[in-house]
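The same chain A turns up in both complexes below, where it pairs with chain B and then with chain C.
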Partner chain A sequence: MTTISNAPVPASKSARRIPYVSHALLIFLSFLAVFPIYWMIITSLRPASEIYSPSPIPSEITLDHYIRAWTAIPLGRMMLNTVVTAMSQTFFQLLTSILAAYAFAAWSFRGRSVLYALLALTWLVPFQAIMIPNYILLTQMGWRDTLWGLIVPNIGSAFAILLLFQSFKSFPQDLMDAARIDGASNWGILWRVIFPNLRASVASLGVLLFISSWNDYFWPLLVTSRPENSTVQIGLQAFMSSDMNLWGPLMAAATIASLPVLLVYLLLQRQVIDSFVKSGLR
Partner chain B sequence: MAEMQGDLRLNSKTLAVEAPKARRRAARKPLLVVIQPYLYLLPAILAIGIWIYRPLLQTIELSFFEWNMLPTAPRTFVGLRNYAQLFSLPDMGRAFANTIVYMLGILPLSVLIPMIIAIVTNDIGRRARTIYRAMIFLPMIIAPVVVAVVWRWIFHPTNGILNTMLELTNLIQNPLRFFSDANLAIWVIIFITGWKLIGFSTLIFSAALSNINRDYIEAAQIDGASRIQIIRFILVPLLSPTILFMIMLTLLFASQWTFAYINVLTQGGPLNATTNIYFLLWNYGFRTFSVGWSSAAATVFFIGFSVIALLFIKLSNRLAFYDN
Partner chain C sequence: MMRRLIGVVISVFALLLTGSVVAQDFPSIPEGETVTIRFYSYNLGNATFGPGTERLIAEFMETHPNIIVEGVAVPSPDMTARVQADIAAGTPPDVAQLVFDGLDFFVNNFQAVPLENIAPPEELNAHFEGFSPNGLRLGQLNDQTYGLAFTFSTPVFFYNADIFRAAGLDPENPPTTWEEVREAALTIVNNTDYEGVHIAGLSSFDWVIQSLIKSNGGDVLSDDRSTIRFGEPEAIEAIGMWQDLVMSGAHSRLTDGDVVEAVFTGQVGMYLQTSALYFGLSNAARDNGWDLRAAPMPQFGEKATVPVNSGSALYIFSNDPARQRAAWEFLRFVTSERGYTIIATELGYLPLRPAIVEQPEYLQEWAEANPYVYINLEQLSRLDAWDSYPGSNWRQIENILLEAVEVAVTSDADVATVMTDAAARAQALMP
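Let's turn to the complex of A and B:
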């Protein structure tokens, strides 16, 4: 008998062989996935004298590269910009999406399907098809090289609205009706009935939005021209181009730039994977 | 898991519009009640209208003009000239050909190999699966710039670990110049893009697989089907919605996924070997300030990709075998 599927069929334990081929494949894939990240961290911790060493473990661990990176580029400032940008974007995207998803879930109104279709279609609009007019508008508003320019244009997310609408739609109508009979307003139903019950989906969407926003490259590239006004992604690129051979400090900067996302991943890895897989792609 | 695949299917049909719930109340409602839904929608609609649809329309408008983005410079109406010249614009032929190479090069890494891995490794135990999942998914959450910087270090011609290892094991005599060799560079970018996607894609296929009703497989086994036959005649057809979805994503987004690596690592070089259509649009827009060219090309590619998406959604609705 081949064991093609792992579905919960109570197979007798003795009939189960160890799937060596699967383990070998997955170990290879895991190595491929993890090695570059390991190599980044380990390079950043090596003493400068062994920076080119192929040894997987350094003879001693030092934070020298971190200190150099921190003084070579305004890393603190860029991290702060990124934290503020990513947190604000996430907060506002969640807020605007909760309101919009509620409107779609609770009412039928004129233009509903057109608006929904327009939201769904944004998925097809590539950044490169809208960058020039957005650049012009940013310049006119005086928002280039500012946090406003990084945050305000990204307070809405069609993707978040569509995803939340899926959860809102499946919310039991009875509970909403019961609250309405008790005299709750629409606003009250949203925040006191629906929101507390769907907090888990909102939170995992929030994590996903935070990671996308933290990792975003296109928008900050358009808005900012100076690293100190930009996010850490752009700063990292500038650092790389400025001095090709500072591999230790560069890997230290890359590690710092990844740290928040890696921490979120370590803590919430299951939720992160599930929400990414669910959402198709981001 | 069941939920996952459900959402995935919904996602593959993002264009399908949900039918409004029929809950029309009696006519004559106070104004506030009538405009209420719009008030809830307003912030999101404004943001998306101003920063996505307004610029999209303006790009289409700008495609009929010649302009260098300076506010003081005149915008000259040139009619369809930008479109007529589209494929004779500098570097466009190369960028277009490379874009096809990128799409076809990424497909095995985002669809074929992940599907095979998902099928082959479907017999892995639950606990081991969780650990592997956490590891192979890791590249997906790492920022593209970080990915580019790290691979630049690993692929470094003289000091990178890859060349060092290849030389130590005598596989090569001279270091490979991954980013400056015109024959190699595009494949390195494809590899990096695939590296970021492969684990994610494998998990998508595994989620889809775990959702397949085991009765089909057992029935086939009883009928004496071989493992290959089960894969060929049961699993692959049942996976076809996911396969189509992943192919569509790859074709649509290959150029966007690779853009970051091109911009950080090669700037389109050496000798335009790694440029693609979106990198070219970026260059037209912000290097040579040919707003008309960039806009006309953007409009054509937007329409082209929309048509591809539409075809895939149609195909997916017609061909897909739904396990029910």
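Let's turn to the complex of A and C:
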């Protein structure tokens, strides 16, 4: 006779070890991720004489590098420019990509596949190839050295459209049809039916776009002439040269520059992780 | 008598005519007009060099109230791309600070305007008086002056006197030849925990490599600018010396970027690097408590060194006559005695008007407090130009040389094979 016991089967030794191993691995990986940030902050607080010290704890804390970074470049103004540029680009890229993704997902029109393929191809065109024509146009419009010049050429994003299209496509067609039968316009379907349901996807995409815009270097370098009209990524260059870097002020400026992005991460942690899972690492 | 009178009248008339033609040929700023010029500078945005450059601009505008200079900070690695973009957009910078290795490209592709087209000969000659002839030649191509040497340095042999003492070496008698460097470096390595020597020649530019090759009697480019020469025996021997330093353990195995930290914290005995690093090194030596010294670049046996400069020249790209004139006035000021006084004291570069180090109203006092400048000036007399490779592939050719030398000195590869192969590949990219 066979008896079946309901008693829990004791986990094997190897199975019990797994959480410890995986936790140790996760702790190690977290350390690898967090340590450079810690080192950046601690370097920014070290006295100049200890800037190359391997000690993880400085003998004394100084704000000298922050004062130097703040006075050497218009850091506050550059931060403001970067915030305005990154937020504007993110807002407009989301807006244009939501509208475009809806058009591709909800409407059936002649040439849709060709248009979509062309759009996908533009994503593959490197920035260096379109940089000069964009710059010439911008110059003719008199937008050089202005925030308009930083924002307007980047209000559309093929990457964002392609990503949102995939989300919109998976939205049930029946729900859209039902809304249409109830008399909803395309505008109403988009903002009252689809958007509330895909808010998480849009938010995670927004985080990615914001970070990408925040870290943009070459376009602001090309478009802006005066430091007070430029972004913080250009400002960091002030502390670097081919022969040597001013590590103290550079780390101080980098710490200040990374604060908003760290804040975005903290506030929208879940969306950031979702966005990486859904779209892959950029 | 009448004939003589007619002759004199004709001569005077001809002189006047010639004078008026000359005057009309050269651009000028219309009376009562204010001209604005844009100046692209990689020093300007930099926390170390920016304030001195801003002072140059401010003093110039004080003395030239009819000219406004808009300084535009562009990082050095991105300067060529930025100037190219602006030329394509039809708005070239009026003046740009560009490094010497692209001279040929800037002349033939960016259409830099020669100073001979902008300034009358007598004005140009008067300005060139007192200017180092070797420094002046650096910006010249096809007998015309396209770039006026601005910020400028030569390779200087820095050493740590404390490490010398710890190793039992005499800091008052630093090595003068590469053989002596090898011996001294091995003494340091064997007797202390410090690194022996480091040649900082593998960063973005090839001017230190050119210095070594030329100092051994070789060259990287033929005089007629048609043949690559860094595959020749003198070049192979020079790079072979470097490889031997590394393989023997005399030379550090750190990268040029990593070694800066080691040098600054007093861990490296000897360091061949641009004199422009002097301010940074002296600050680091003070902060970290070690004794910084400087000596001329070591030589190969009995051959006198042929230092090659690093640094930049100012080029005029403006198409507008009034702005060309304003740009020339700016160039004149920043390369004047006063200009070089600011450049030497606040930016740390070499004064290309050597006489001002003996003039109390300019640099005498400062030079006595900073004697490394005399080493630089002494090397200036033997200086050879940093060769710019011709054609649009100049950057690739420079990279081929840099990569080949990196392979040669960081491995036990056969230097002759590496260098001749690199020279053949570079030759294929020549116009």
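In this section, the second predicted complex is superposed on the first by the 224 of 282 C-alpha atoms of A that agree within 3 Å, B and C clash if a C-alpha of one lies under 4 Å from a C-alpha of the other, contacts with A are read in each partner's own complex, and residues count from 1 in each chain.
FYI, a residue touches a chain if its C-beta (ideal position, glycine included) is under 8 Å from a C-beta of that chain, and two chains touch if they have at least 3 such contacts.
A quick note: this is a predicted structure, and the numbers were derived from the prediction, not measured.
After overlaying the two complexes on the shared chain, residue contacts for A:L99 are found with chain B alone; chain C is out of touch. In the superposed pair of complexes, A:I132 makes contact with chain B and with chain C alike. Contact with chain B, but none with chain C, is seen for A:I37 once the two complexes are overlaid on the shared chain. Within the superposed three-chain model, A:Y52 lies in touch with chain B and with chain C [touch as defined at top].
In the superposed model, A:L268 makes contact with neither chain B nor chain C. By the touch criterion defined above, A:M87 reaches neither chain B nor chain C. Contacts of A:A184 after superposition: neither chain B nor chain C is touched. Touched residues of chain A were counted for both chain B and chain C, and B has more of them. By the touch criterion defined above, A:A203 lies against neither chain B nor chain C after alignment on the C-alpha atoms of chain A. Contacts of A:I73 after superposition: chain C is touched, whereas chain B is not reached.
When the two complexes are superposed on chain A, the residues of chain A that touch both chain B and chain C are 52, 131-132, 135-136, 139, 218, 221, 234, 237, 240. Residue ranges on chain A touching chain C, taken from their complex, read 48-49, 52, 68, 72-73, 131-132, 135-136, 139-140, 144, 218, 221-222, 225-227, 234, 237-246, 249. Within the complex formed with chain B, the residues of chain A that make contact are 1-7, 9, 19, 21-23, 25-26, 29-30, 32-34, 36-37, 39-40, 43, 51-52, 54, 95-97, 99-100, 102-104, 106-109, 112-113, 115-137, 139, 153-158, 161-162, 165-166, 169, 186, 211, 214-215, 217-218, 221, 233-234, 236-237, 240, 247, 250-251, 254, 257-258, 261-262, 265, 269-270, 272-274, 276-281. Every residue of chain B that touches chain A in the complex is listed here, in rising order: 3-4, 7-8, 10-12, 14-15, 17-24, 34, 36-38, 40-41, 43-48, 50-56, 58-59, 62, 69, 71, 117, 119-126, 128-130, 132-154, 156, 159, 161, 164-165, 168, 195, 198-200, 202-204, 207, 209-210, 212, 214, 217, 221, 227, 230-231, 235, 245, 249, 252-253, 255-256, 259-260, 263-264, 278, 281-282, 285-286, 291, 294-295, 298-299, 301-302, 305-306, 309. If you check the complex, the residues on chain C that touch chain A are 38, 45-50, 70, 72-78, 81-82, 84-85, 88-91, 200, 203-205, 260-261, 264-265, 273-274, 276-277, 280, 283, 287-288.
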